[in-house]
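Letters A, B, C and D mark the chains in the order given here, with residues in each chain numbered from 1 onward.
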Amino acid sequence: MQTTITKPRSVFDELESEVRSYCRSFPTVFNRAKGYKLWDVHGREYIDFFAGAGALNYGHNNSRLQERLVDYIAADGVTHSLDMSTKAKENFLERFDEIILKPRGMRYKIMFPGPTGTNAVESALKLARKVTKRDTIICFTNAFHGMTMGSLSVTGNSSKRKGAGVALHNSVFMPYDQFLGQEVNTVEYLQHFLDDNSSGVDLPAAIILETVQGEGGINVASFKWLKGVEEVCRQNNIPLIVDDIQVGCGRTGTFFSFEPAGIKPDIVCLSKSISGYGLPMALTLIKPELDIWSPGEHNGTFRGNNLAFITAAEALSYWEDNQLSSQIKEKGETVSSFLHEMVEEHPEIAGEVRGRGLMQGIACGVPGLAELICSVAFEKGLIMETSGSNSEVCKVMPPLIIDNSGLKQGLNIFKDSIKDPQIKNHIKKNPRLKSKKKAPSFRALAKLK
Amino acid sequence: MQTTITKPRSVFDELESEVRSYCRSFPTVFNRAKGYKLWDVHGREYIDFFAGAGALNYGHNNSRLQERLVDYIAADGVTHSLDMSTKAKENFLERFDEIILKPRGMRYKIMFPGPTGTNAVESALKLARKVTKRDTIICFTNAFHGMTMGSLSVTGNSSKRKGAGVALHNSVFMPYDQFLGQEVNTVEYLQHFLDDNSSGVDLPAAIILETVQGEGGINVASFKWLKGVEEVCRQNNIPLIVDDIQVGCGRTGTFFSFEPAGIKPDIVCLSKSISGYGLPMALTLIKPELDIWSPGEHNGTFRGNNLAFITAAEALSYWEDNQLSSQIKEKGETVSSFLHEMVEEHPEIAGEVRGRGLMQGIACGVPGLAELICSVAFEKGLIMETSGSNSEVCKVMPPLIIDNSGLKQGLNIFKDSIKDPQIKNHIKKNPRLKSKKKAPSFRALAKLK
Amino acid sequence: MQTTITKPRSVFDELESEVRSYCRSFPTVFNRAKGYKLWDVHGREYIDFFAGAGALNYGHNNSRLQERLVDYIAADGVTHSLDMSTKAKENFLERFDEIILKPRGMRYKIMFPGPTGTNAVESALKLARKVTKRDTIICFTNAFHGMTMGSLSVTGNSSKRKGAGVALHNSVFMPYDQFLGQEVNTVEYLQHFLDDNSSGVDLPAAIILETVQGEGGINVASFKWLKGVEEVCRQNNIPLIVDDIQVGCGRTGTFFSFEPAGIKPDIVCLSKSISGYGLPMALTLIKPELDIWSPGEHNGTFRGNNLAFITAAEALSYWEDNQLSSQIKEKGETVSSFLHEMVEEHPEIAGEVRGRGLMQGIACGVPGLAELICSVAFEKGLIMETSGSNSEVCKVMPPLIIDNSGLKQGLNIFKDSIKDPQIKNHIKKNPRLKSKKKAPSFRALAKLK
Amino acid sequence: MQTTITKPRSVFDELESEVRSYCRSFPTVFNRAKGYKLWDVHGREYIDFFAGAGALNYGHNNSRLQERLVDYIAADGVTHSLDMSTKAKENFLERFDEIILKPRGMRYKIMFPGPTGTNAVESALKLARKVTKRDTIICFTNAFHGMTMGSLSVTGNSSKRKGAGVALHNSVFMPYDQFLGQEVNTVEYLQHFLDDNSSGVDLPAAIILETVQGEGGINVASFKWLKGVEEVCRQNNIPLIVDDIQVGCGRTGTFFSFEPAGIKPDIVCLSKSISGYGLPMALTLIKPELDIWSPGEHNGTFRGNNLAFITAAEALSYWEDNQLSSQIKEKGETVSSFLHEMVEEHPEIAGEVRGRGLMQGIACGVPGLAELICSVAFEKGLIMETSGSNSEVCKVMPPLIIDNSGLKQGLNIFKDSIKDPQIKNHIKKNPRLKSKKKAPSFRALAKLK
């Protein structure tokens, strides 16, 4: 394996907007990819613990899907169809119903809202408002739902919000599970606001949540909390929207992340890995009784990305039995054990293991450390990103189909990175961050009075 | 050619959301497509005067592009890369600069805002607000810019706007060219509002416009008007955004629709046919001095759709010489002559020919007529959609690469459709619409005082 | 009469906020006032052509009202009653109905929305939105409706708007009569926007207008225009709100300013001179069928200013016959003739006479001139303010009860002020402003194409 | 004392808007008032425990003020002056500085924002936004700040909010002290939201609060909590606005309600009793360094209500020594003891005593009970209103100058009302309300997990 990092050729610096971002963290030019590996133009190989930010759960250029895709293109299958009916879409719909919905006893109407996650979220918010004739959306601290104006209004990150350039309206942020420490039941808090008709928080058009906040720092909601929020929704006749864009499609071990919690969202947003091949595609799943759209009331040019329908239909094969689920569970445990060991062996990083399934990570209690670890890891051949309000979490998110050898290889690079002298230097120079997640409990605070 | 129309199989009715729309106008299941033709599952052939709402300027499964695409996929080229650097992106950037920007003396930084037009628009609005620290966007009557909350706020269509479910803010609609009849210079109107500091119209963060309003009814702005708006922008230090999503990429005869008008927008939005193959892709072109984004300030999962970069780079070959431009011009004239003849021969439809290049159409002065004509045409094997506030325009928008034979064939079906007995019946039963575009002139009104 | 101007004692500079304004234009400390005269602490006398910005139509300390007021206070009449019922309110209601509403064939429910004009406007906007379930208010260029957030959103002045510190929403500004020059019928313009369901201008909750824009520059709407706007309202089922706060209560010669136009607003806002004595009071008149308020849905502490009810009831005596109306008409003609003569004699000020009844003025075509004239006039013993986007209008607005001698005296000071050497100097140094109101007609512009 | 209640004459039903409210609770026509008593047109006498919702702290027609007022009017003192300088205003400014500000070591610039509380709040919000260039205002559950659009956006009551007819923006509601029960420190909660830059709560332009929420249900913030909020403001550079409109001017025993808490607000809103006589008047007090208004940036017709300046200046005499303060304290204790006894003697009302100084009340745990008690009390000659989200609090708020005899008389009527058979009947028929203020503690909830 080569050790020199090639900076991207100046064409990106010259021609691409300053907004470019990941290319700064991973400074090379990639060329080829397969499964859990990428290669750059110099032939250097990288283990992928990033998985297209969750869009590549089945790996790069998954062969089963690749074959179908090439055949379809070569046969002049319809590529682009807006929302006209095509054979490819029909097949996807049937398979999604047969393999995903029916076995889970779910009934949803399927909407193609445009090919990206933010389209799914925007359409979900619109529909909830149309159904309820209310304005406000209740969302949660550290939520990430997208970058277009509607989705951005329910996204917590302040620098992204500022990017809007205007004040964002019609959303109310409530504390996510454990936002106020482990002892505080934030559902109760939410309930108080809705119970009191002078709280200033109007009855919302919907509550939207992620079951695990990937961008927000791998914050995992307990099933109890999720049930609690669902109960609040039912009592107040509020539609519940689950944004399963990053943690759906198997990331946590089940197709939908919310299955083990036993909740039944009214609207579900899917994207990222739904095409299975990294192709732009998104779905909005809608309980039939809420499907009161007028034809074309929400539209878009790329709702009919048939290449994605082809790979998506094939990717569903992974869900015809329990094999993948079991593997995710096992590998999730492997990752979890490994990370816990790392954290114990390296108390200097003030680490906290977080996550569920193959969405895991370590929150580092030293400012700037997680970014540095990822940077060192990249030099050593591992692609891994940070998340969290302050980029304080190293996020382990390999393709679900990674084999044990690849997984170990990646984890070892992660561990080696922590041992790098750069890391020790950094820790010496930077004081430990007081962890947000270990806030003094309210009980303790009450004593201080 | 078969004459029976096959209704889509019930899978769409059962499983797809009520929001589905074009499948209602074109009630069959499509299977295969090539060039300017589609075939449904019954083998029935259709001429395509729709071109994916402008996303298929180079035709379905364009062989030059198809070959590159299949080769790239088969070679395990990177498919999905977020905004990491890839060889495919690098090649696209270089070719776009060499073939499009440099020969036109243009300098723009290129942003990949996400793979759809609305992403390009949202990013443009954000950036303009960031640059100017102002809130309002001035947009125009009958504008269509997208369905996410930011783009929707600058879109005129009231049923789409209502779909938002909340009031849309921070936009001011000004009259587009000829909105008030041919004699009224609406630039002057706009100027008045900006000149008077008590007009209630605050200095905007940007003016956004389409040079031809495709969805709005094929309303063509004169070059004089476009220059006038640009002049207003310059005088008031307002960034000018051109949304060239539908009418760019050659639709009107030049790569950018605004080239013959001689204006120099500060930001340009491209999508639809930029990938050349109907794959989701979009660009935001930004004058370098406005490119003040922070890294990652606007992001999205599918910014790096490398399959699209591959086809997009190849599609640019069409612009290496003037051949395509010339052909569009010629075919545009063919269409124009044909449509004018039709209108003259059929005064009963109260038709008005509109358009530029290969974005043309007939506005029908009888309510509901255009929709019926398109429906009849579909039965006869032509795919053609309507546009306009009241779906009053039959829109002729074939792939740019259509050959003369195909063009004639399609136009003849259009003409045959008008002669259909259903049309005559409809006209008898429906009174002529008082045309919006032929409003009593203000001069005439002044006399009435 | 003294000639030295005494600057206000430093207590104002030291203790009062920088927001203070009129005290800067009229730099003395006033002490006593009667009829159309004020005296400052130095005994200097001033003719009042300002009339409390329209709040003192019946003059300062009008003796008839003063007597009633003192008697009521001395008898321990209820002063403050929120919206409880009092004898004083009852008497006012009865007299308002008998003297104002019934003789005019009007039926309105009377709301006491709080004691200021902006309260009346805010309540009107709320009610219109409640009635129609729509968001937007259509208002007009150069409108002034108040400084609280709702009223401010329909006010045109950009510096006042900026004072909000946030973007103002839910209002659309349309061109007022003659905003685009004399030949353009701006009602037609408004109609176009409402007719086209893709204009981006949603059907509004109300249209609000002033029949004469006092603050906006004494812009007088023609009766034809007012009828036109009313017709638009009727056709589209839009409530019409007339803000008669400054020009109602007789200012233009009839009790309501809109009477001679023959329109029947759905909601009327009154304040300023309704108490007759300069005491804070406001009314919102509501067509009975729109009076769907829930009890207390809009409230406020000072809705029951009984001292104002006492003087207001007495002030209505002026409307028991036509005497005052006739006098206003006569005096209005006196003023008009005088101003026209002035403008003719002094072409150097590029003046234009504007107004109706006793709301008149001269718009000066030289930047900064009107302010200087008012400043000179103040030195000569006349209180007169400017209005308009650029403070370009000298506003002649004496108490309606001014006698002919006082009127002449004031007008002569005005004329003398124009002849002052400071004025000549100013004109020499400042180029003439291109008048907004004499914009090139659209016809002319069309020729330029 | 008479026992028949006279319904208001039909003139109110016929002519006054449905929005009228207190006249429904107190169904008679009042005529005369003095000190802590009112009389209706039938000569029936009422004890006033309402005090004009806090506007009559010095009683009705206070003789000291009355005399000054009549003299001023009779002497043709300037009544209405906009924001010109007058002798009456000068005197008020000097006395306010000498008697109120200087002895407390306070430095504030004084703004006359218009004559009502909501004007003071609107101006405070505007200025905070101008100073900070931020949008959002943080406010608290159960807050009441006014009915114009800006103030309403920071008011919690949902029925008042709905009255707006549009979504209210730019405000975030945080939990007031004890909103989540006694054990939860809600300052900590607020702090969490501001500390986490992905909480979705943007750094606000201001925090606005009432030290005791009068309309919200007599919720008393602890001094510790107030200090905590102030500390959050200081740490984050957020201006602190105290709305002292209802509880200022001595209501809780000190001139400003926040004095004993030891906090130093950046902006203070005063109105209601500032004129001392029930006349419309309001002040916005601004720390000099924040007084960056442009002249006239916020204005209004009735900023110069000189009659109010006259009575306000005289009312300040009450604050030249500690006598009134001491009396309020004593009477407050009298009320407190009496109410606590009542609550103990009548467990059936599930009462909770709340308040500070002469702003006290009993929250009743039986739905609808408080309203019924006030209604019965009115029949017995006592005027007392309810407050709280569900009108669950009987509010004891007499004029501060009430003598002991009047106070006892009123309290006895209150007690007698509770013993009325109507009350017993009501309690039998209505189940006890689960008190909002005694919510299960979070600790208890944690156990339930």
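Here is the rule we go by: a residue touches a chain if its C-beta (ideal position, glycine included) is under 8 Å from a C-beta of that chain, and two chains touch if they have at least 3 such contacts.
All values reported here derive from a predicted model rather than from experimental measurement.
Identification of common neighbours of chain B and chain D yields A, C.
Looking at which of A-C and A-D shares more C-beta pairs in contact, the answer is the pair A-D. For the pair chain A and chain B, the distance between mean C-alpha positions equals 32 Å. Chain A and chain C, compared by their mean Cα positions, are separated by 57 Å. Taking each chain's centre as the mean of its C-alpha atoms, chain A lies 48 Å from chain D.
Each of the following residues of chain D touches two or more other chains: 135, 159, 166-167, 169-170.
Residues 135-136, 139-143, 154-159, 161, 167, 169-173, 175, 179-180, 183-185, 188-189, 192-193, 195-203, 216-217, 224, 388-390, 436, 439-440, 442-443, 445-446, 449 of chain D are the ones touching chain A in the complex. By the touch criterion stated above, chain C contacts chain A in their complex at residues 166-167.
On chain B, the positions that touch chain A within their shared complex are 8-9, 11-12, 15-24, 26-34, 38, 41, 52-56, 60-61, 66, 69-70, 73-87, 89-90, 93-94, 96-97, 109-112, 114-119, 122-123, 125-130, 133, 135, 146-151, 153, 159-160, 162-166, 169-170, 205, 245, 271-272, 277-280, 284, 286, 291-302, 305, 307.
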